[in-house]
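Each of the two complexes below includes chain A, the first together with chain B, the second together with chain C.
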Partner chain A sequence: MAHKNTYSLSKIDSLTTRVLWIFGIVSASFIVLISLFITVRGVRPFITDNNGLGNVDLWRFLTDTVWLRGPTFVSTAYGAGFLIIQTLYLAFLSLLLSFPIGVLTALFIAKIAPKPMAAMMRGVVELMASIPSIVFGLVGVGFFLPMIYNLARSLGQQSPGGNGTLGIVIVLAMMSLPTITAISEVSIRAVDQSLEHASLALGASPTQTRFKITLLAAKSGIFSGAILAIGRALGEATAVSLVAGNARSGPNFGLFSINSTLTSTMLEGLKETTGIDYDIRFSVGVLLMIVILLTNLILNTIKKKVGNVHV
Partner chain B sequence: MSRRNIAQLLLDGTTYFATLLSIIALGLIFVYVFREGGHLLSVNLIRSDYHARNFVGTLREESPGSFPIESFEGDDLFPVERYGIVLQQTQDLAGDTVIRVYYVHEASPLRQLNNQDPTTNERTISLQEGMILRRVSYQEHPTSLTSRGASMMATDMNDSQREIREVLFSLEGGGIRGSVITTVYLIFLTLFIALPFGILTAIYFNEFAPVNKVTKLMRNFIETLTGVPSIIYGLLGITVFVPLTVRLTPASNANLIAGALTLSVILLPVIIRTTEEALKVVPNDHRWASLALGANKTQTTFKVVLKQALPGILTATFLGIGRVIGESAALIFVLGTAIRDQVRIFEPSTSLAVHIWSMMTDEPANIALSSTIALIILLIVLVLNVFIKVTVWAFNRKGSY
Partner chain C sequence: MNKTVLLTIAVLITLVLSACGGADFESENINVYTRDTTSGTRDGFMRGIGFNEAAGSDDVLVDGFVTSNNTGIMSAITTDTAGIGYISLYSVNDTIKALSFNGVTPSVENVLNDSYLLKRPFVFMHRLDFRNETEEALTLAFIAFALSNDGADVINDNGAVATNTSGNWSSLRSDHPICQQDNSAHTLVFGGSDSVTRIAEALSAAFAPNCGNVQTVNNHTGSGDGWRRTQGDQKDGVNYSHVGYSSRFFRDGELETDPSGASRFQIAWDAIVAIVHVDNPVDNLTADQLKRIYSGELETWGDVIND
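Moving on to the complex of A and B:
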């Protein structure tokens, strides 16, 4: 009897498993769906004649230094090469600002701060991480752009309304700060205490131990945080486009010059929902995904190389 | 020796300095948003329309009388005895200077006006308290305008030489009611779709999935979703979900259902991960105890294990609400940026975050009202963070004995 009972119940279980498997497979398929559909639409401007306008030249698209030569909706001479360079430049420049601040804050929270202070700081980091990007953009426009404008003027430089590189870098750095801090803190806390004890026993001061042993031992995790932050910075759209100034040609590197990224170009002048000027945004989207993917791959390879070196 | 001490103090000092900068960055956001937008925060803001509706009316009969107006004293109040109204010099929700109707006498001729707007069927319109008086024009006299102030307008209207030809007034605009409703719709629709989907997926991976390469691959695919920028989800929304909803529902264009579906995909990895973490900490003893008592795996999972994962699901819900409220890039693509006062599920409209975007990309940008909305968003985010903390704390306390 018991045997029979078990048999009928396990039939329910196998049915449940199969039903739940569908949910699992659908969830897993979304990334495939995204890649597939966006690629199909993104490739279309290159292989069709775009309703008689002629196809977009792929090589020019990947390398040109002007977004669009000729009038909108008529010309197909799109170029996004400078956008790739600018997007990477801005993301890494923002990391230059957020990385040291984030890692040092993480070190403070994990190793120096007394417990209540550390708990409070964790709250600060979590709260900052949950602030929507549009709010960062708003503060960027309202607070930082006038400051940058005045700074540029006092240095005798041109800066249209303060829009451009410096504003983007500050906004991106603020946004990626909590990511770097949170992940660095976890990996600093995960460092084997016997390493630190050994260092202290050998006569190193607590400060020396923190900076020369703990940070170094946690470098793999810290690097992961930086990779994640870069990924976020590359894909950030609304906040960046509010402070970018949307340069239509480039590449721009000057701190006070207007700038643009792949994402800000996708959002710029979004009025019509048909035509070549709309379709090309999907191509930029595909380009963005490729840039993020390649950057992640390269950085992860570097991480593995660096992580293997024992210091 | 002392030089070494100073060097170490400096090194430690860098961590203090960095921490200080982090706190300043957060403080700056809150202080800025509060300073710029705090003064506009009111219940009225959430209840009123964004677009002001205009009315143009003429007087029924030319018989202005005298309406005694008492007990309205104030620097910004200007009584008009001839028509029985009191005008107030004030600012609207967007921060522009306007003349608001503070009081209208019951017998005021302005309560019964002939509608001069041919596009509506109403024949009678009435000036009511709280409305904005934009312009009063007279026969053979220069028009009273908002720009010349309430005091001037009151003096002009009281002038017995002048006969009113036409009155232009409007409901007060600059409210965010439509965007609030849209945001609430989006939160409920998204959670309605994403929560069951995410929880069931999490259950599959933690309780039922075989440990093999396929499962690992599926997990990796879901994990990859977290790295996809939200603007890409926007593209997914317009290529997949908008056409899908147009085919299946009465919608003919971008709509809230498509927006909610897009947001669901964004939330999915968060909900799956959070739920799974909660499922993981359920002790195996409980599963075995349930199985030993004769329950099957399905019963064990849904009646014993899932119940204990409730705090995780609650946390996922709070995280999800925060994400929906803050999302802008994806919704700009899926729902457009046109601010609506009449929100319908099968039509496009803006959430609070996109409302900010829409105003910030206008010329000139409305920073005051944007900051007020940002303040509302920040307060909600703050409350959600507290909720998550409380949930985790309550759960840990319960689990400790």
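Moving on to the complex of A and C:
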């Protein structure tokens, strides 16, 4: 009896293993499929003559400061160099805003807030993470753009209806805030309590302990949150294009000047366009994937260098 | 230290709240808003003001122009006192100020009586030779429907100004006995201009239940294909179409296949309106002024007022 049972259990084991293998392969092949599809379409403008228009110059595409010189559907002089710079600039600027707020909120939820309040705050953060990006965009358009416009005027500056850098940064910061908060909170709670007790026993105040021991010990997890947040900021299209003003040349750095990102440029007019002007958006997609991959690699390297603290 | 911070915040808030009276209007740069180059409204606007190069090219426009969609331009112009944009006449409301064009107020009336000229026509033509009589009868029934009061309602509901009201379909329907029978085995193919896609699809959708549930296919690729696929060189190929739309009047070469003109109709006008903030003192702009604003020659609102 016992023998038979063991036999059937091992059979179930091998079956489960096989099923898990299949699921793993299926989900991995999605990524391969997407990458292949985007790359095949995205390379086309550079290697074909685009129905007689001539091929797109790769060097110009990577470096030029104007999106398109000449008429749409006729010219192939596309340039996305300024978009790379603007995309990175906007993502890091938004992190500058969301990182301190997110980490300090996480510290509050994990260490200071009374239990019922912490539970409520956690719910709010989860809710915020599930709000679709278009809603953030609409809040940006309806609420923040008029405010930014008035702020600019009060500083004696002109702003195109509030569209531009500051609007994008605020919207992106709002969107990446729940990611940073949730992940930081988990890693702060995971910090070994004996570390904190030791600090308190040595005479450090609770505030000193929270900032110098808890946050420091949790920095690897906090850094992971920041990396995920950067990923979200780099890839966001809908909300950004609603508040960007979609500059067609650049790079733009001014807080009140219009701006654009790789994704907002992909989205602009996507549904109405055809031919080379459609295909080139896949090339921008490939560029975006490379930018995100490189950024993540660099940030992960930094994380490994600075984050190796005992947790 | 704390007091300084509080004071700074208080000053900032006061500044933000009292901002509306800020800079001197006439010295402000004009903030130019535009649709992107794939938009039919942009094409109609730029050609309407005589700035044909800007219909397809961004690099001839003034530096720092803002690209946005219809709602984006509307909401920006409600806050931006120095902004200028353009939208379809259909979208005009009292949150923005609609400018007169060459001295004529934009209104449905002025569009129809040909005094408001910032507009483009929506026209269509049907083919002359059909594969069979049923398809011919169905095509003619569709044309009659599109030109009827019911067709006009569909067109007006989708943002254009209908030019025909030839009676209610309920009374016209008896002229088209084909619509009494079940037509679900037949398919009508529509093509041509992509700026009329929304109206054309709405017309197809409204027509089918009124004519024995005939199947419809809308395949819009550009005004040039309106003629090419119904009466031109592609009329018998894979792109065989029954009705071809165009968002400009048919040109000389396209008129030759039917000298009588009996197969061509205008269905609507698409009127485009330049809009500014409600506090903007400017009421009227000429085509030339609009062109110089969009090209950057007129830089400030003072330049426009003193022009």
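In this text, the second predicted complex is superposed on the first by the 281 of 311 C-alpha atoms of A that agree within 3 Å, B and C clash if a C-alpha of one lies under 4 Å from a C-alpha of the other, contacts with A are read in each partner's own complex, and residues count from 1 in each chain.
The definition used in the following text is that contacts are C-beta pairs under 8 Å (C-beta built on N, C-alpha and C of every residue); 3 or more make two chains touch, one makes a residue touch a chain.
The structure presented is a predicted model; accordingly, all values stated were derived computationally and were not measured.
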Overlay on chain A: chain C relative to chain B, clash or fit: clash
A:F211 touches, of chain B and chain C: first, second, both or neither? first
Superposed model, chain A: greater residue contact from chain B or chain C: B
First, second, both or neither for A:V141, with chain B first and chain C second: both
Touching partner for A:T65 - first (chain B), second (chain C), both, neither: neither
Partner chain in contact with A:L242 - chain B first, chain C second, else both or neither: both
Partner chain(s) touched by A:S220 [first = chain B, second = chain C, both, neither]: neither
Common ground on chain A, meaning residues reached by chain C in one complex and by chain B in the other: 141-142, 242, 273
Contact set on chain C toward chain A in their complex: 15-20, 22-23, 28-29, 31, 33, 36-40, 53, 56-59, 63-68, 72, 75-77, 79-80, 82-83, 194, 221
Of chain A, residues touching chain B in the complex: 5, 9-10, 12-13, 16-17, 20-21, 23-34, 37-38, 41, 100-105, 107-109, 112-113, 121, 123-128, 130-139, 141-143, 174, 177, 181, 205, 207-208, 210-211, 228, 231-232, 234-238, 242, 263, 266-267, 270, 273, 281-282, 285, 288-289, 292, 296
Chain C contact footprint on chain A (complex, rising order): 66-75, 141-142, 145-147, 149-151, 153-156, 158-163, 242, 245-249, 257-258, 268-269, 272-274, 277
Residues of chain B touching chain A in the complex: 8, 11-12, 14-19, 21-23, 25-26, 28-29, 32-33, 36, 197-198, 200-201, 203-205, 208-209, 217-219, 221-222, 224-225, 227-233, 235-236, 238-240, 265, 268, 272, 294, 296-298, 301, 322, 325-329, 332-333, 337, 353, 356-357, 360-361, 365, 367, 370-371, 374, 377-378, 381-382, 384-385, 389
